[in-house]
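Pasting the structures in now, so scroll down.
One chain, chain A, links the two complexes that follow: it is found with chain B in the first and with chain C in the second.
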Partner chain A sequence: MRREWEGEKLPRVVFTLLIVSKAGGLIYNREFHAGLSKQDTNELLIIAGTFHGVHAISQKLCPVPPAQPPPSNIPTMPVRPSGIEVMESANFRLQCFQTVTGTKFLLFTEPQQPNIDGIMRRIYELYCDFAMKNPFYTVEMPIRCEKFDRGLDGFVKATR
Partner chain B sequence: MAASSTGLRYPSNKKTIYDRNINRTKTSELSRAAFAYLFVEMITYAQRRVTGIADLEKRLNTQGYPLGLRLLDLLLARTASSATTSPANLRPTRILPLLQFIHTTLWRHLFGRPADALERSAANAAEYMISDNDPLVNGYVSVPKEISQLNCAAFVAGVIEGVCEGAGFATDGVSAHWAEGAGGGEDMWPGKTIFLIRFREEVMEREEILGRAG
Partner chain C sequence: MASTKAARIGEDVWKTRVDKVNAELVTLTYGTIVAQLCADFDADYAEVNRQLDKMGYNIGVRLIEDFLAKSGTAACANFRETAEMIAKVGFKMFLNITPPITNWSGDNKQFSLIFDENPLADFVELPDDGRAQDELWFSNILCGVIRGALEMVQLQVEAHFVSDVLRGNDTTEMRISLIRIIDDEMPPDDE
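Presenting the complex of A and B:
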């Protein structure tokens, strides 16, 4: 309760964004606010790869595929296993958003950060606009797009 | 058989493109995302087997050129039929009306707004500049550092060149440049682009004769 009272003063911070390709490689990382301990590129690659593996396992765990398919006259949407979506610790929260094609967006925030879904959606939009619609970006390769960086900075700093 | 004969030329409802109203402008807005993806493919296509930035810009220019030729006719036909026929609706024969046509009519048709400036070069009387603070075609394009000279609005420059030459104004090429060192403007409009139009000598001569005739 006490924390809610001080809601205005609490640091609500988006720390870092990582984008992981569908093969598990780190293709983008950007730190918005200091707070997490500094990781060098190698360690970030390991984090991305490890998370990718654990996420793949979590996707396999559940749901168990039905023993026999339901009667075909009832159209059923296949339940797409989502895998890990949130990991939380006392000091940060890791939100994972996986696109239909398997690219993963990992967002490290303060645990109290509100509206992470909204932030994630906007980041995905920026990615679609400035990475996917950029003629000089090759899919699955590291993202080096000036307008994407600028758009992210402008958006994340504004949400604070 | 029936399915293979339908298409743009023979649509299923028997109304060909010639049966449609030429002034369908209200409902003819196109998806910006669809254009962006198409433009990506156009640039990827132009990038094959090019020798350098100048070559790539030339190819983009070539892609835009036929579009300009057609747009000149289409837009003139539209303005002529929508308003009562007056000399202003005919093909421009002087430089200034032509540039006005590009700056306003063409820009409004392509991008939904007029261009941001139209100037004559101080250094060379045969050179004119049209500037756009934020060209629509470059909206999603981030040019890599190693080829930062490249401006993909070379495609639009090709359209302008097509309009000029279609109207009988021979040019020594139209090119797109980043507005660098123009002072002040580039921070607010990092994508500001200047289209430089260089008219041929004979065009300038004709212009002078027409000017004397009044």
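Presenting the complex of A and C:
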């Protein structure tokens, strides 16, 4: 059951962002608003790793194997099932966006948070700008970039 | 079909989502890098080509994310679509050019890009030492960029220039060959 209040504006909050590398390692986490219970770094690493594993299984499960296009002599890319995209509880919603390169963005929000796709896309752009384009950031390693933190804070807080 | 779609995406991204910089800044910066490499490696042009390719590769593995984020495109279905995306969206976005795609091989694993215009080489004349004309691929960084970017989206390719107007050839042509599609699935017995 979703919580609802008569006449009251529903809270719309983005709680936390996790970024998981191709290999399943947690490379970034940031809390924007309190609301989820505090997890220490170790627990976050476990959450990231576990989700990565479950996501991989969900890609395998894919109830019906995706139809392969008819054979032709044009080299064809394998069809990749999306895997888990959303997990929802009464208290939060976890949206997973996996880029074509395999990096995953996990966003914990209020269940009623609108326009998560738009938020996700903007976060991806910020990641490109402040992590990938930072020449001293090593790809696939934990992201410690202050400008990225600030950019995210500025954007996420403005979306409320 | 795919061709016009890619062209439309490229135009759209270029118009609405890309910050522009002065083209001469790009040309001069790149020219300085190549000239410096030639000086540093004592005009060992084979080595300069290698260094440029390596630099390009490191750019490519990062640039691909920007490409994906800005263009919002999903994974390509096949290699022909990939070629369209590179030429009409990628090059459009980052250099505002759309090199035509030609010379597909029979097995559809190789194609060429023809650079009628090349912002990297606008004011360039190769050194007149009798070797640069035969050995240096001035824009070799582009090969590396393509190799790096495609590797991040599970495509292992080989890219090299086969001709360059700077060397006195009629066209500037880059050849791109698909080596394999990287299957990142775990082997079945890897438990």
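Here is the rule we go by: the second predicted complex is superposed on the first by the 137 of 160 C-alpha atoms of A that agree within 3 Å, B and C clash if a C-alpha of one lies under 4 Å from a C-alpha of the other, contacts with A are read in each partner's own complex, and residues count from 1 in each chain.
Here is the rule we use: contacts are C-beta pairs under 8 Å (C-beta built on N, C-alpha and C of every residue); 3 or more make two chains touch, one makes a residue touch a chain.
It should be emphasised that the depicted structure is a prediction, and the values quoted were computed from it without experimental measurement.
**Q** If you stack the two complexes on chain A, which partner ends up touching A:133: first (chain B), second (chain C), both, or neither?
**A** A:133 contacts both chain B and chain C.
**Q** Using the touch criterion from the header, give the chain among chain B and chain C with more contacted residues in chain A.
**A** C
**Q** Name the contact category of A:147: first (chain B only), second (chain C only), both, or neither.
**A** The answer is first: A:147 touches chain B but not chain C.
**Q** On the A-aligned overlay, A:80 touches which partner chain: chain B = first, chain C = second, or both, or neither?
**A** In the superposition, A:80 touches chain C alone.
**Q** Give one of first, second, both or neither to describe whether A:112 is in contact with chain B, with chain C, with both, or with none.
**A** After superposition on chain A, A:112 lies in contact with neither partner.
**Q** Would you please give the residues of chain A that touch chain B in one complex and also touch chain C in the other complex?
**A** 129, 133
**Q** Applying the document's contact rule, which stretches of chain A touch chain B when the two form their complex?
**A** Those residues of chain A that touch chain B are 129-130, 133-137, 144-148.
**Q** Chain A touches which residues of chain B in the complex?
**A** Where chain B meets chain A, its residues are 33, 36-37, 39-40, 43-44, 47, 140-144, 152.
**Q** Could you list, by residue number, the parts of chain A that touch chain C in their complex?
**A** 69, 72-78, 80, 99-103, 121, 124-125, 127-129, 132-133, 139
**Q** For the complex, give me every residue of chain C touching chain A.
**A** 61-66, 68-70, 72, 74-80, 106-109, 152-155, 178, 181, 183-184
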